[in-house]
Each structure stands twice: as structure tokens, then as C-alpha cells.
Amino acid sequence: MVIVMRKGATEQELETLKKAIQELGMQVHVSKGEERTIVGLIGDKRNVEGFPFTSYPGVESVVHVTHPFKLASRDFHPDATLIDVDGVQIGGGSIVVMAGPCSVENRDQLLETAFAVKQAGAQILRGGAFKPRTSPYAFNGLGEEGLKLLAEARELTGLKIVTELMDIENLDLVLEYADIVQIGARNMQNFPLLRELGRINKPVMLKRGLSATIEEWLMAAEYVLSGGNPNVILCERGIRTFETATRNTLDLNAVPVVRRLSHLPIIVDPSHGTGVAGYVPAMSRAGIAAGSDGLMIEVHPNPAKALSDGAQSLTIQQFASLMQEIRALVAALGLRMEGVEEAAGVRSV
Amino acid sequence: MVIVMRKGATEQELETLKKAIQELGMQVHVSKGEERTIVGLIGDKRNVEGFPFTSYPGVESVVHVTHPFKLASRDFHPDATLIDVDGVQIGGGSIVVMAGPCSVENRDQLLETAFAVKQAGAQILRGGAFKPRTSPYAFNGLGEEGLKLLAEARELTGLKIVTELMDIENLDLVLEYADIVQIGARNMQNFPLLRELGRINKPVMLKRGLSATIEEWLMAAEYVLSGGNPNVILCERGIRTFETATRNTLDLNAVPVVRRLSHLPIIVDPSHGTGVAGYVPAMSRAGIAAGSDGLMIEVHPNPAKALSDGAQSLTIQQFASLMQEIRALVAALGLRMEGVEEAAGVRSV
Amino acid sequence: MVIVMRKGATEQELETLKKAIQELGMQVHVSKGEERTIVGLIGDKRNVEGFPFTSYPGVESVVHVTHPFKLASRDFHPDATLIDVDGVQIGGGSIVVMAGPCSVENRDQLLETAFAVKQAGAQILRGGAFKPRTSPYAFNGLGEEGLKLLAEARELTGLKIVTELMDIENLDLVLEYADIVQIGARNMQNFPLLRELGRINKPVMLKRGLSATIEEWLMAAEYVLSGGNPNVILCERGIRTFETATRNTLDLNAVPVVRRLSHLPIIVDPSHGTGVAGYVPAMSRAGIAAGSDGLMIEVHPNPAKALSDGAQSLTIQQFASLMQEIRALVAALGLRMEGVEEAAGVRSV
Amino acid sequence: MVIVMRKGATEQELETLKKAIQELGMQVHVSKGEERTIVGLIGDKRNVEGFPFTSYPGVESVVHVTHPFKLASRDFHPDATLIDVDGVQIGGGSIVVMAGPCSVENRDQLLETAFAVKQAGAQILRGGAFKPRTSPYAFNGLGEEGLKLLAEARELTGLKIVTELMDIENLDLVLEYADIVQIGARNMQNFPLLRELGRINKPVMLKRGLSATIEEWLMAAEYVLSGGNPNVILCERGIRTFETATRNTLDLNAVPVVRRLSHLPIIVDPSHGTGVAGYVPAMSRAGIAAGSDGLMIEVHPNPAKALSDGAQSLTIQQFASLMQEIRALVAALGLRMEGVEEAAGVRSV
């Protein structure tokens, strides 16, 4: 951290500041330039988190030269994190696809979708039992009934289950059924919830908030990691910008940025990222080519009858066709689809 | 709601769509233009909330011609809502000022601030006992101890108390002490929490989310209103934009927009809106001049020692001086300060 | 400027970087922290403008600790700049109002508006003869004919003229008629045009770009100032954000920020800032209360017949009524309206 | 276009509006809903471009149901536009790569880069002779000297030349040397310049403005097309958002959106889009996978010595390595590299 003094700040002001810094357990390093004096702080920056240096007389601004996250940082954990979801690997160089309906609506819809996405090559089934909805009048999920249907689909297909948790109240319930606990964009900075997730022993998939910087997103991951749960999967799902041609602006730049800054795996969700089924194939391919560890895609047997997010759901046929493209792309990039090589290995014996 | 058909959509596609609309209990009104056919939907739009019309063949886009909120709309409630907080009026043409520290830190800090802001003309004391913090390593509030200190400050000064609730877990606890329950920007779309707030009988102050449109903000209010609690106060506290010279971009345009669209009172928070104490007086004056019902301002006896948000806190002297400016402005605008007329009345006897 | 080295950067990398910095004529100041080494650069930062330090091995990032503008900075010019437009003062503590139609449409429209805004207290007449339009099919101004009408209106009313220049081709033509040359938001970073404006001897009103940071805006002013023209007026007219309830998001925070960073006067344009006539009075009042040096407001005798921007134009009556409010506000803030004191002086004789 | 009446608008207001619409040469189609009456306008919407309907009493809002561009629209030009740049095809299903330095700095730098990018598979050489720079103190290009060097590089390598035009003054000069005239992001809405480009007979590459919606971008293209020049290439180069981890936010969503709305070819510029050389390979791959017609990439023999944009320039080796990845990707996607098939054909003889 560097503190920039105002032009004309006095020696007395500088001394007062230095004293305050030292009291926080940090060393001080002063550098007098032509226009400005700058003060470097040396030590564990967590000591000075949120300290109001700009309230000190003579201080103009505070400049952060390192990122505030530590456990989420690649600096302190150079190797990529590999997450094992009951046999399915996320983050180890293979590409994993999570697919399924936005909401679990009924048994037929879920099972038809589950068998189809399994057949097409997905490893993980998505489906919401608790749905955040902008309107209080909209369908908001089947609750536990939905979770039970997901468990049945897992039983029948072997797919793992990822489903959203919206509040601490339902944590135990969701943990009973989910293989991965999904935290939605609107809850990315629900700090009490994040603290609870630090105490569980299942992987957490943390979606990026609509207006969250990548740094804030990694700080949200830091909450979970610092609580003792090392298994955080990041999911880019679009940010809010001025553009209205898409529901959100899927920010694929986040993929190489996260790769550089962090060791955590990152998944791309082009369904929410664009909000338009017709744009999902292009952005799925782009997500893989950008280097993500996988995709999360909404699929519905009949999008025109979907109770939520129909406009962005692929049909079963569209999904199967996309998966063929993805496989070709994965091969061209020298990667492999999760689940595929091992099967090949077994067969080769 | 208007559905726009693609150029070249067939009669068959139009018929299928019309049938779907009618099954949702809406009437259909078709209008064939030179380039496009458009389909108007007539009826209660809550019937079609979230329905995936764009998944129907031949449909290009869906255009919303009315706002999705109803209880929050001025159309259905032409008179401004007046909220009585145990004798302090919000929204009735008088200007109310809420002031106090970002966080309750200790008894001395809180009481010194409370007496001072009361003296300067504030009617409501703010202070956080539960603090949302971007970093898991930062101070996050005194919890119930903080609430007790707020209650003591109320006892001693007569100020009403507004304090933040972060989760359903602490709802009963916060209700025991608060006069107004504040919901922070990051929780504006915490839907389970909003539903609970619909069931309480205390006013809720709902801060605008960092990337929330005004429409989404009013939909969040709709959650509370539709649950049965009519007392929602909106609070503009800055949105996230590309500009980094201020912590957030305080969007004062929201004041006249909310006035036009809704009957709910609106408060402006220039402290979070700018993040810089030096900008708070200008934006406080501007907030009043834009037509808000009041201000929420962070004040600290010694910002340089504040445990949170020191950089944006006014000193007691700065706040007192700002209140003098506000009073002159309020008089020039033909408004009155909440609490002052009555005092004047008493004196005139 | 501070250069942050990567964790693990070698001594050799540091030496190479130091050498490069010294070759640019700057001094180096190295500070070794626990996690990172940081390198301070001391000297005239214009020496290193745009230098690709992040291409050097071992460099993680470059952090700017001072602003890149110099002539526009209050640090180097502590007193506020006062601009004299042929007798009308801008920036000297009095409030100036510029008003008139978006486009000059015809003689009757312009003269009716000019006499009316003069009567209501405006000092400067606005009106576009060259109009930037998003569509190639829309009305784009009367050109020189419009300029001649503006000159006639000046002759008849005594108002000064501000009008937009869109390209270097028309610079001489516009200079022949205008008292203030307006540069629109879309031209804020038209650098060849800015360079030309540095060579003229009339004031330039520089509107903020739709997505320009305040720093970039002041750098655009720096272009004009560094060319030798000291008379730049800034005009905040709204930025582009995700919010669609207003045409733009008028960013009044820019007023105190510019006040702090620069000595140049700043005007607020609530007409473009909101795009909605009904929001103009509130945001005009707020602009004054925030500390601007004046307002620019669109007025039309019959907005429903306007050839451009009718939706955001006030009628003559609405403008007159707003001016009364502004006068009361100006008095309450201890300011004065430009032109008024002198009139009072004359009368007092 | 649909006009939404206010709740409670009178019959008289509706009649006045209808009359105004008919006078503009449009037909009216009224639809009375439960809450609102909506009025559809039928006819050529260019008749009503910019008409201030919201200034009419009783009108609440205007909703656009079709896009404002016509010549740029795929509706009116279903086949993709194929642009022939003196033998190099853009937009016909093959992938074209434009590469070279940000600025032309000197003969050695340019020729070394040109031979290297040619060797690696690029078809078009980029290089700026006129550079838009945020600071008036920064290097702003060699001017005509730079153009001559580009022409020499073309002569020696056979590469085509794309270079930026910043103003009308230099149009003839740039046309003398360039094969494609590049319009930078800051000039995307420089309307006088766009009008001139409609009259030339060379292709124009139009970069997306920093805060331009896709619709505005296509309207800028419409300016050129409506002037009579059918050869417009779009170039996505990043938009401005709140995220600061990248210089801009490369919006790859624009690729499928433009594909759907328009017939014009689209190129992706990951160098400006991210601003960081390390992110360029990932976003180049993603740009191709998203369906773009090609890439524009900054390459410099020694980025650490570059006079502009060194931080985002690839070295010659990095570029060669990226081109290998691109070729594999292009093959996997069933596409072909521009220039390659013909070479193969020659060899097969």
C-alpha cells in the first residue's frame, strides 16, 4: 500500500501519519518526489484493512499495489486447485459441462433433461429448487420437492448435482442433496452466507456479482477459503454494462485474468451471460477457447413452456449439437473432456 | 407488453403465439406494420411474468410498455406515502436528517456523536452493529452489544434509531432495538430477506443496489409491500459506473425519477454515494435541492480513528456546519426541517 | 508513478528496469516490502507518458499516484479561473445561465426563445447550427444560416452566443459568430480538433464525453490549455451507465470533484443529463446546490414541434418558473446571479 | 414504434397525437389495454426519427420495436457482405488476421514486424501513422512519413495496409496509401467524418466506441453505407465498464449479436480489448470461436521499447505461436485461414 501526500503537506503531517502506521504494526518507507511525497507501508496488509488514512491531514489518496486476497491468490498457491466432486474433476485440465433446466419444474421435465444431457456428454446436472426472482409474483421454485427430484435424477443417471442455495435457513437442506452448492450472483457479497459456506465440506460454486470486480469476486472466495473450505469454483455469468442487446455482458476477459491472479477453477455460464439461446453456442465455444475449466448451460425439453429463463435455454437437440462442437474444439486446443479419457483408458486395457 | 414478430414470421407462428397468450388469461391485439407484426397483450401482466415468449418461433423480442411494479407505483397510489417513525415523519414534505457513525464502535464514540448530531438538528441516529465488509479480515461490527448502545443513545437523546439488518437470523434481534430496519445495497435483491420484511411492522429503509436499475429497486420494494408492510423508505447511495474519482456515483437523477414513478419517500446518502468526506456537503445540498425527503450522513468524532468508512465521515463540526447550510436551503425551497416547526410552534406560545 | 514488481522478480530484472527509468531522465526510488518490491519514479512524469513499463520482465503493474494533467490542475493554479465573455463573467462566484433551443430551426423560433430567456434572466443564448445526430436520416442543423440567426438574436437581445463546433472545417465560420465555442460530448477526445482550439482566442466549452472519466476530461482540457488558450469551461452533461430511466446519468459528483482537482469553471446541463423535461428543474436546482458555476438548459417555444430534443426541452413558461426557483436558491447559498448585481447598481443610481 | 399513453390520458390527447402522427405520413394503430392505451405507428420510421412524441400531453413513453438502421440490417440484406481488399477476402467464411505495431516508429521496426507477421500467416499489416493520445504530451505518430513506410512494407511483403484516419484533413493523404481506412473508437460518432467516408471507394474499418451500444455502432455504419460506400468492416475492441483488471472489457457477445442483426463482417481486436499482452492469446482464440471474421493484433519486435501500447503488444515469437493455435482452432471449427487454401492449391500442382 502506498499513501500519497498532498502537494504542500507539512513535515508534521507526515510524522503524524508515520506514527499511526507504525502503531498498526507496519514499517514505513518515505519517498520524496518532485511534486509529491509518497509513503510505502511494509508488512501484512491485513493489519490496515479499511483504515481511514485519507482522514489524516496532508493525505491525498491511498493506492493499493497488491491485491487484498491471499488464500485465493496464485502468488501464495501457485498450482491450480483441482476439485473432486465425487469422482468428477474440476480444474485439472479437463473440461466439465454442467447442464440442465433453469428450474426444476416436475419429474418428467427433469428426468428427460437429465438423461439427454448425460447422453450428450455433461457430467453435472444443474437445476434450481430455490429461485431468486426479480418479481415477487413470479414462480420461485419447488423447494425441497425440487431437491428430491434432483437426487432421483442423480440416482438414475450418475450425474452429479449442482443447485442454488439462497439463504442460511436452507443450508442443511441443500447440503443433504447437492454435490456442489451454487451461490447466485445476487448473493456473491452475502457475507453471513459466505461465512457459513466456509464451514461446510462440499464444493461451492460462486457466481460473479452483476457489478462485482474480479478483485471483489476473489475476496468473496476468500471469505469461503478463510473459513476452512478450500473448494471454491468461480463462475462467470455476465456483468451489467450499458449494453442492452444481451441480458448481461458475458465477460470472458475474466477467464485469463482469474487464471493469472488465482488458482481456483473457473466455469463460464453463457446462458445467463447472454440471456438469448441463439447466442449460447457462440459464447460456449468462446468460453472454452478463452481457457475456462468448463461450462454451465441451461437446457429445457421445451423452452417455450419453461417456467423461468426459457428465452435463454437450449433445446435438447441444440445442446447435443453444441456438445459435438465443444468436443472438436477441446481436441483442437489439446485439452480433454472430463470423463472421456478415463473411459478410453479403461477400454484400452 | 408488446411482442414483436420477426420479419417473415408466418401466420401459423402468429396463431401459435396467440393461443399461448390466451391460455395465460390475456387478450391479444395484433397490429400489422410494414416491416413487422406486433402483438399487444392486454390483461394483468403478472399473469405472464417471466413467460418465455422469445422461445416461440417467429418471435423477435418482447417489449415492456408498463412497469412491472404495482403497489410501489404512483399510478395506483397517487398520494405520497408518509411514514411515521414514532413521531418523526418521513415523506410528508419535511426534511429529515439521519446521522451517526458508520459503525457503532464503543459507548463514548456513539454517545458523543448522538448528542452532537441531535444538537445540530438530526432526528434519527444511524450506526451499524452488523457491518458488511468486502474483506473477511475487516472489523464487522459489535453485534447485539452495538444494538444495546444504540438503544441507550435513543434513551438519552430522543433520537430514533436506524440500523442495518444483514440476515434473517438477526431479524428478531434487530427489531427489538431498531426504529427503522436498514437493508444494505448488497442485500437489495436478497429475496428471502425481503419476504420476511413484508411481515414486520416497522419501516424498512431499502438502499439501492450498486447495479440496480430504478425499476429493479422498486420491484425490491414491491416484495416488501406485497408482503403486507407498507412502510418502505428508499435510499439512493450511489451506483457503480466506470468513474473512479468517487467511490460510487451518487445518482441524484433517481430522486425525480422515483418521485414520478412511485409514492414512496426517498432519502439520499452522500457519504456512501461519494466515499469522500470533502464531497459530502456539496452532494447533501444537491440531494435536498433535487427533491429528496432527507439525508443520511456519516459522522464520527474522529474519522482518522474510525474502524470503518473514516474517509467518508464528517467530523462533528463539519456536520454542524452542513446542517446550517441545509436549513437555509430548505427555507429557500419552501420546505421545512422535520421537528423544527413544532419547536417553533412551542416557542410562539 | 510507482512500478510494482512481481513476487519473485529477480535483482537482474530490477536493475534493467532502473536503467530504463534513468535513461528517461527520471530518478529511481526502490522500496522492498514483504511481498513486493515497489519502484518510485521521481521527476517530470511527462517524460514517461505511455512508456510500456509492464513489458519489462518482472514488472507486475504501474500505479499512477498523481494526475496526468498539469495546466488544468489546481495544484499548479490554485485560484479559480474567471472567464470573461465580452462582459459576462463565468467562474467568478456568480451563477450564469445559458438557455435556448437545441437546434436553431428558424428566425421566429429563435427570436421568440431568445427574448424569453433574456427576460427570465439568462445571460447566454444556446442554439445548434451544426447538430450531431445518431441517425444519418435526422435533421442536422441549418449550418451558416443558423449562425446568422444567432448573431441577429445577439444583436437584438444583448445575449452572448454559445454554439457547437463539430469539425475543423467549420472552425473559422463558427468563430465568426460564436462568443463561446461548444465542443460536444462525442468530440471530447477529437484530438486534432482540440489542438486547433488551443490556438483560438475565444472561450471553449468542453462537454464531458459519455464514457469519459473526470481525469480524461481534464486531459482533454489540457490539450486546449497547452495549445495556448486558457479559457476552457467544463460542462457536465451526463455519463452512460446501465440505468435507462434517464437518457444519461447526470453525474453531479463531478462538480465537487472538478472543484477540487481543477481551477476551471464547470457548468451543468440537466437537459442532456436527464433527457426528460420533467426532471430538468430538479436537476438544475441540484446542479446549483452542488456548486456549479451555472446551467445550460434547453428551451423551446413548442417542444412538441421541435426538430431535435423536444422531449428534454422546457417551455418558455417552465423556464421562467425555474429561474425564479434558481434565484431563491442562489440567494440562500450566498451566491449571486451573473448580471444581476450590475443591474441593481444601475438602478441604485 | 409504439407510443405508450399515460394512465388517465384523455381522448382529446389521443386525437391530437394521432393527428400529429398522420401528418408525418404514418398510419396509426390504437390498442386499448387495461392499464394503458398504446399507439402503434406504421410506415417508414425514418419519417419520425427524433420526433418529440413525449412532449405531447398524455404521452408516457416511446418504445422502439425495430432497429433504426436499414442498410446495415440483415433483414434487408440477408447475405453476408464479402469485402475484397485487393485480393484478400474479409467476411466470406475465411479468417483474416491483421497484425503489426500500434504506431509506425521507424523503418526497421516496421519492416521487421511486417516480414515476421507475413511469415506467421497475417494477410494485412496494421500500423498507426496518426495516433489519438489521451495526453497532449505523448508521441502522436509520424504522419505521412509513417504512411510511406507502410507503403514500402506493402511493396516488400505483399501485405495489405490498414491504418487509422483521424480527421477529414488527412483523408486524401490516407487514401493515397491505405487499403483499409480505420476509424478509431473515439471517432465512431464523428458524423462529419463518417459522411465523408460514405463517398470513398475503399473499405472502412469502424471500431466500436468505448460506450457505444451495438445499435449505435450499426447506425454509425449506416452513415457510411447511406453515403454510398458498401464496404464497412466492424471491429470490436472493448467497451468501458466498471472493471479495471483489463484496460477495456472486450465484448465478444457483440460477435453473435452483430451476426444476427447485420450482414457486415466483424473483426476482434483483443490487444485494445484487454490492454495486456498476456491476455491476448486467450481472447484471440475466444474471438475466433465466437464467430468473428478475423483478428487485429498488435505486434512489436521489442514491446519494452514501443512508443505506444507496448504493454499490450505481442512479441514476434508470441504472435507466431498464437497463429499456430489459431490455425488449429480454425480447422476444428470447420473454417479456413484467408490465403491458405490458395497456397495449398498452388502447392498441389
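A, B, C and D are the chain letters, set down in written order, and residue numbers restart from 1 in every chain.
Keep this in mind: contacts are C-beta pairs under 8 Å (C-beta built on N, C-alpha and C of every residue); 3 or more make two chains touch, one makes a residue touch a chain.
From a predicted model like this one, the values you see are computed outputs, not experimental measurements.
Peer 1: Through how few touching steps can chain B be joined to chain D?
Peer 2: 1
Peer 1: Could you work out which chain's C-alpha centre is the most distant one from the centre of chain D?
Peer 2: Measuring from the centre of chain D, the most distant chain centre belongs to B.
Peer 1: Quick check: more C-beta contact pairs at A-C or at B-C?
Peer 2: Looking at contacts between chains, B-C has the larger number.
Peer 1: State, to the nearest whole Å, the distance from the C-alpha centre of chain A to the C-alpha centre of chain B.
Peer 2: Computed from C-alpha means, the inter-chain centre distance equals 28 Å.
Peer 1: Report the inter-chain centroid distance for chain B and chain C in whole angstrom, where each centroid is the mean of the CA atoms.
Peer 2: 31
Peer 1: Cα centroid separation between chain A and chain C, in whole Å?
Peer 2: Computed from C-alpha means, the inter-chain centre distance equals 40 Å.
Peer 1: Mind pulling the chain C residues that touch 2 or more other chains?
Peer 2: Residues 211, 240-242, 244 of chain C each touch two or more of the other chains.
Peer 1: Mind listing the chain D positions that touch chain B in their complex?
Peer 2: Interface residues on the chain D side: 2, 4, 7, 29, 31-36, 38, 40-44, 61, 63, 65-66, 75, 240-242, 244.
Peer 1: Looking at the complex, which residues from chain D come into contact with chain A?
Peer 2: 211, 213-215, 239, 241-246, 249-257, 259-261, 273-274, 278-279, 282-283, 285-291, 325, 328-329, 331-333
Peer 1: Name, in rising order, each residue of chain D that touches chain C in their complex.
Peer 2: 20, 46, 49-56, 68, 132-140, 166-169, 186-187, 189-195, 209-211, 216, 219, 222-223, 226-227, 240, 276-277, 303-311, 313
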